[in-house]
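Have a look at these structures, which come just after this line.
Below, chain A partners chain B and then partners chain C, in two separate complexes.
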Partner chain A sequence: MNGEEQEILLKEEASFAPKSLWLDAWRRMRRDRLAVASLVVIALYTLLALAAKLGFIATPWDAEVGTAYAAPSLASLKTIFGTDIFGRSVLHKVIHGTRIAMSVGLVTSLIAIPIGVTLGALAGYFGGLVDEAIVWFYTTLSSIPSIMLLVAFTYVLGKGIFSVYIALGVTGWIGLARLIRGEFIKHKHREYVIAAESIGAGHVKRIFRHILPNVSHIVIINFSLQFQTAIKSEVILSYLGLGVQGQPSWGVMIDDSKLELARGVWWQLSAATLAMFFVVLAFNIFGDALRDALDPKLKKG
Partner chain B sequence: MLFKMAKARKAGVFFLAAAILAAPVGVAGCKKKRVLGNTLRVALRQKVRTIDPAHGGDYYSNVEVARAYEGLLRYNYLKRPYEIEPALAESMPEISKDGRVYTFRIKKGVRFQNDGCFPNAIGRELAASDFVYSFNRLLDPKEASENKWLFDGKVKEVKAVDAQTLTIRLTRPNAVFLHLLTMPGASVVAREAVETYGKDFAYHPVGTGAFQLDRFSPNQIVWIKNPSFRVERFPADVSGAGEDAGKPIPFAEKVIDDVIVEDQPAWLNFMQGNHDYLMKLPKDNVAAVWGADHKPTKELRDRRIDLLAAPAADFTYVAFNMEDPAVGGAKNRYLRQAMSLAYDEAPTIEKFYLGLAARAEFLVPPGIPGYDPSFKNPFRAYDLTKARAILERNGHPEGRGIPEITYETLSDSTQRQIAEYFQRSMAQLGVKIKISVATWPELLSRIRKKQPQMFGISWLYDYPDAENGYQLLYGRNESPGPNEANYKNARYDALYEKAAPMKDGPERRKLFAKMRELAVEDVPWIFGLHRMETRLTHHWTRNYKIHAFEHNVEKYLRVDVAWRDAEGGLAGR
Partner chain C sequence: MTTYLVRRLIYTVPILFGVAIIIFSLFNLVGGDPTYQMLGKHATPAQIAELRHELGLDRTKLQQFGDYLGQMVTFDFGRSYSTKQKISEMIWSGIPPSLSLAIPAFIVETLLALIIAMLVAYFRGSLFDRIVVVGCVMGMSVSALAYILFGQYVFAYLFGFFPISGYDPDPILRFKYVALPALIWVTVSLGINVRVFRTFMLDEVGQDYVRTARAKGLSESSTLFKHILKNAMIPVITYVVIQIPFLITGSFLLESFFGIPGLGSITIDAIHNSDFPVIKAMTTIETLLFIFGNLLTDALYSVVDPRVRLK
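The block that comes next holds the complex of A and B.
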C-alpha cells in the first residue's frame, strides 16, 4: 500500500466515522508509546497521592521505622529507600512529598488557568484600552523575577501550603494569557465568529461559546506544563524554607540532604530527586505529545 | 576529594622535580627559588575592611588591628578560665574605693614602630597622653567610630597625670570595664600617624605591636616582625606552656594573611599545606576529619594534622516568651518544667554536632570564671516519667488540654531539623508543637516585638564574665533588650543589680548562685548545649591553643620550619 492509497483510505475512514477533535487526538496519541507511558506514570503518581491523602498508605509518615540513617535495604518495604536522621522511612516521606507536590500542581493550575484564560480572552477579543491595560499588567508582573515574587507572596501570606497554592497560582498564568490573547486576536475576525455575530450572538457568547472551544487545546497543553512548573517551584520554595511547614516535601528532603551527603547519606537526596524527575519528565513528554496530537497544523505528519 | 588531593600533590611533586632539574640550566633564573623560612601563613575568612582600631568592629578587621596594635590589657594566652593581664600597662590598675577611678602605670621603654610620620622615621616612645588621644578619638563624633560603644556613656574623663600615669574616670562603677580594655578597639594609636596619613591611616597602621605591615592588598596582607618590638615573653608560669615557655615572642619573622572567603578553597589550601592552621572548619568537611567514633579520621592521623577542640563561650537554648498567656507566667511554670524535663539533649549532640558539644546545665559556659562543673540543673536531666507526672498533677494527663505551641526558629536546615527533634520530644509528652521558620532578621524583629511563643536561639559571650550571661534574664533588659524571654523576677533583678558592678569573687558568686536557683526553678529557657570551637593545625604549627578572645594568636605561634620544608609545606605559594 503506498502513501497515497493510505491517505485516501484514511480520508474514507474519516468520512465514514466523523471524529471530534478530542477523539482524533486520543487516537493519535495512543500510537505514541512514550506518551502513553507518561500518562501511566502521571496516573500512578495521582493514585499514590490520593491513597496517601486518604490514609491508605504510608501512615503515619513520621513514625520511626528503624535506626537513624539506615541505608536502603530490601528487608522491608518501609526501608527500601533507607531512613532519615530520626529513623523515619524515606519511602513514606517520598510518598507524602508526592501528595504535596500533586496537590500543589493541581490547585495552582486550577487557580492560574481561569485567570490566564479570562484575561487573555478579554485582551485579545476586545483589544484597544482593555488590551493595553491587561498587557501592561502582566508585563509588569512578569518583569519581576518570579522567585522574588513568590518569596514576597509567602512573606505576606505567611508560610504554609496554602500560601504556596496562592503564590504559585497568581503568578503562573502569564504565559497562558499571552497565548490565549494571540489566539483570540487571530480568531475574532474569522468567518465563524462573524457568522455568529450576524445571527445575534453577544460578546459573552462569542467569547465563550464560539472562540474558546476552538482554542481550548492550548489550555490543555498549558495545564500539563503548568502542573510540572508548579511542582518544581514548590520544591524550590520548600528547599528555601518558604514552602510547606512541618510536612514532608521533596524540597525539604533535598534541603536535609545538604548536611547528610558529607556523611555519605545519599538515599534521601536520590529518592526525592528521582521522584521529582520522573513526574516532571512525564508531564513534559505528555505535554509535547498533547501538542502534537491537538495542533491541527501537525495533522498531516 | 581525596582523589583530587592526591592528584594535586602529585602535580606538586612533578613541579618540584621540574624546578630542581631546570635550576642548574638557568631556566628558573627568573623564578627565584622559594624559601618560606620562618613565615606563618594564615587564611582570613572575610575581607579586611580596615586596620584602624577605631573602625574595626568585625572579627577579621580586629585580627589585623591586633597584629599591629596593643592596648593596656589583654587575656593570658594559655590560662583558663580566661584571665586578664597587663599588656602595655605595667601592672593591673589601681581602682579607687568607689570603683570609679582606674589608675594605670604605662610600661617604660615601649616604642611605636619606626615610620615616616615620626622625626627621622624612628618610632617615638609611648606616653600616657597617647591613650588620652586614642580613647578620645573613639568618642569623637567626627570620627564616627564603630567602637564608640566601648567607652560611650561609661567613661567620663581620661587624663594623663604624667608621661607614665593614666587615670580613667567612669560615670559609674563597671565590673566589666577591664574586659572592654582588652578589645582591639581600645588599642593605642599615634597622633602623628593619624594626622599624617588621614584617610589612608586605615591601611597604614603604626602601633606598638609585634608585627609591622609590609604590604596590603585586598586579597593578601603581609606582616613582618616589628624590629623595634620590646622583649615580650611566651607565658611561663602556666601549665601547658611547653618548651617555648619564657622565650621571646613573636617567633615568626613574617605573617602572610590570605583572604579566602569560600569554605572549600580554604579547606583545600589547608590540606595542601598552604596554610599552617584552619580557623573555621567547614561544616560539610566535618565528616572528613571527625569520625562517627568521635575520633579524628585515619587520614588526619596519617597526615599528622591535629584537631583541636575547646568549648566556645556560648550556649544554645529554647526561650519561652514569659509574657505569652499559654506558656509564660507563674501559672505555666509546671508546663515549662515538664517540657524541659522531656527534652533530651544527648541525641542532638550526636546527630547535629557529632559529639562536638556538651550539654548546658546553665548559662555560664566552661572557660568563663564562675563556671561550676559540679552544678546539675534539676530540670535538665532527661526524665520523661517525671515530666508526665507533673502534667498529670496539674490536670493535663498525657498533655490533654494544652493548646498547640508555636516554636520559631531559623530557616537553615540544621535549625529546622533541631526544631523537628524538639517537636518529636514534646510529642512524647503529648504537647503539640507547630514549627515556624524565618530568616535571622525576620526572627529577630519578631522577638523584639515579643511576638513568638517560644524560639530556639543561642548566646555567644562578649567577654569572659558571667554577668554577660546573667544579664540575659534581668527584667529591665526585656525585649527589645537582650532578655528575649521577657523574664521578670523581682528577687532576681534585685540580686543582679547588686552583683553586676561587683568584682568577680566569692561574694559575687554567692549572689550569682542565688540567682541561678531562681532562674532554674522558673525555667524561662530550656537549656541546650555548649558548642565546641574546632581548629585544624599541621604538626609543624606549635603553640596553637584555641582562645575565644585573643585576636593575634600569631604572636605566640611557632612554625617548625625544618619540618615544614621537609614535609613539602612549600607546595603552592
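The block that comes next holds the complex of A and C.
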C-alpha cells in the first residue's frame, strides 16, 4: 500500500463521522449548483407571494396605471410588462398570480400530505383488510381521470379558489399514499421496529415515531412534485373558468390573453407563462436533486 | 393465463362499483340540486320541477343510484341539457374527430420519443445526454396553454401555414385541420415521454445480462439494440398501451381551442354550459376507459412477461 492510497483510506475513515441522512443530503445538494439556484428561485417566489399577501407590493392590483394595452416600457416599474385591457399593470397581476399559485401549491400539499401519509402508513403497516380497503379506495379514486374529478369537485363545491384547494388536495394524495405504503411494507419487519415493539412501543408509536421518520424523505420529494403539479392544475382550472374568480391568477391571465394575441398584445400571455415557467422549472429541478440526494438506492450507483 | 385474466377481471368489479359510488355521490348527493345552476336565477318552480323530473331527480336516492348503474351498463345517459341531443349520439359523433387528431399525434410522439430516448441511452452521461434531459425538464415546465396559444398565433396566424381553427369531416381534408394541433400535442408530451423512456432504458443498462453481453464481446450498439431495447420494451409497451383508451376522448384543450368537434370539445362545452348530464356521462366514460385500459395492459403484460401471472 503506497502513501497515497493510505491517505485516501484515512480520509474515508474520517468521513465516517456520524452524518445524518439530512445532513448528508444537504451536503450533496450544496454541491449541485442547479439545485441551489432553483432553491433560490423558489425562495424568491415565496417572498414575492408573502409580500403581496401582506400588501407591501403591487397594491392595489386593479388600479389604472396607464392606457389600455400599453406595450412594455422601461419608463416605470409598473409598466415594465405593459398593461391589460383596463390599463392595469401586468406586473402587478403577475405578482398576485404568484400569490395565488404559491398558496394553491402550499394549501393543497398541506391537505394531500397528511391524507397520503396516514392512509399509506395504515395500509402498509396493518396489511390485511385495512390494506385492501385503502388500496381499493385509492385505486377507485385514481380510476376517475383527475381532470374530470377536478371538474366534478368544482361543480359540486362551486367555483372559486376554495374549491381549487379542496379539489387538488383531495385528489393529490394517491401517489404519495402508494409510495408510503410500499415503504411501510418493507420497514415493518425490520429489526429496529421489532426492537421498538419489544420495549413496549404500541402501534401508533411504531408507525409515527419509529417508521415514519425513516421514510420521511419520500414525503419531501413528493412535496416538491406535488407543489408544481398543483400550480399547473390551478392554471388549467382557472383557464377553464372553474378556478380563481375575480382575482388575477396566471390561468385567468392566459384565458384573458387568448383574444389579445391577434391584436398583437403578447405581453400578458408572455408574462404569465414566464412566471409559471420559472417556478415550475425550479420545482422540477429541485425535486430531481432532492431525489438524487435523499434516495439511498441511487447512492451506490 | 386464463385464471390470471379471470382473477383480474373479477378484481375490477369492486373498482367499478366504487367508481359508481364516488361519481354518484359527487353529482347526486353532495352536489346539491343541479337544476338551479342549469336554469339560472329566474327559473319558476314549475320549470324546476319539470327539469327535476326530466333528470330523474324526483326519485329516491336509491332509485337514482339504480338508474345510474343502468346508465353505466347501457351507455344511455339521456339527453344533453344545452343541446337536447341524445348524449350517446353526441359521443358517437365525437369519437372520429377526436381519433383523427389523437392517433397521428400519438404515433408520431411515441416514435419520436423512443428514438430520442435510444440516442440518449447510447450517449448516456455525455453532454448530449445532459442537454436533452435539461431540455425535457424545460419543455415540461412550459404551460400547455402557452404552446397552444403561441403555436396558433405564430404558425397559423402570422405565417399562415395552417388554418387557424376548424374541422372538415372529409377523410382527407380533416388532416389539414388537425396538423397544427397534432404538432402541438407532440411538442407538449415529448419532454415527459423522452424522460420516461430514457429511465426505462437506463434501468436495463445496469442489469447482469448486459454485462454478460458486453463480456462476450458484443459491441455497444448491438448490446443496446439487441438486448437492452428488447427488455426495455416491456415497460414501454405498458406505458404506451395504457394511454390508448384515452385517445378516444382526445385532448380537452387542443380540441376546444382549435374547434375540433371531438369528445374533448363536448366536455369543455358542457363545463361552460353547466350541462350536468353530459359532464356526468363524460366522467363515467373516461373512467370506464381507464379501467378497461388497465385491464388491457395487464393482459398484454402477462403475455409478454409470464412472471406476472404467478403473483
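Throughout what follows, the second predicted complex is superposed on the first by the 282 of 301 C-alpha atoms of A that agree within 3 Å, B and C clash if a C-alpha of one lies under 4 Å from a C-alpha of the other, contacts with A are read in each partner's own complex, and residues count from 1 in each chain.
The working rule: a contact is a pair of C-beta atoms (placed from the backbone, for glycine too) under 8 Å apart; a residue touches a chain by one contact, two chains touch by 3 or more.
Because the structure is a prediction, the values reported are computed rather than measured.
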Inquiry  = Let's test your reading of the overlay: on chain A, do chain B and chain C clash or fit side by side?
reply    = clash
Ask   = Counting only touches as set out at the top, which of chain B and chain C does A:Lys159 meet: first, second, both, neither?
value = first
Message = Looking at A:Ser224 after the superposition, I want to know if it touches chain B, chain C, both of them or none. Which is it: first, second, both, neither?
response = neither
Message = If we overlay the two complexes on their shared chain A, which of chain B and chain C does A:Leu141 touch? Say first, second, both or neither.
response = second
Message = Quick check on the superposed pair: does A:Gln245 touch chain B, chain C, both, or neither? Answer first, second, both or neither.
response = first
Query = Which partner does A:Ile85 contact after superposing on A: first (chain B), second (chain C), both, neither?
reply = first
Query = Which partner, chain B or chain C, is in contact with more residues of chain A?
reply = C
Task = Using the touch definition from the top, say if A:Thr98 reaches chain B (first), chain C (second), both or neither.
result = neither
Inquiry  = Applying the document's definition of touch, where does A:Leu259 land relative to chain B and chain C: first, second, both, or neither?
reply    = first
Request  = Of the listed stretches 3-11, 39-47, 111-119 or 201-209, mark the one in chain C with C-alpha atoms clashing against chain B.
outcome  = 39-47
Query = Which positions of chain A sit in both the chain B and the chain C interface?
reply = 240-242, 258, 261-262
Request  = Could you pull out which chain A residues touch chain C in their complex?
outcome  = 136-137, 139-141, 143-145, 147-149, 151-153, 155-156, 228, 232, 235-236, 239-242, 250-251, 254, 257-258, 261-262, 266, 269, 273, 276-277, 280-281, 284-285, 288, 301
Query = Along chain C, where are the residues that touch chain A in the complex?
reply = 14-15, 18-19, 21-23, 26-27, 30-32, 137-138, 140-146, 149-150, 152-153, 157, 206, 246, 252-253, 257, 267-268, 271-272, 274, 276, 279, 282-283, 286-287, 290-291, 294
Inquiry  = Under the definition above, what is the set of chain B residues touching chain A in their complex?
reply    = 283-288, 292, 351, 411-414, 416-417, 420-421, 423-424, 434-437
Remark   = In the complex, chain A touches chain B at residues 62, 68, 85-86, 159, 240-242, 245-246, 252, 255-256, 258-259, 261-264
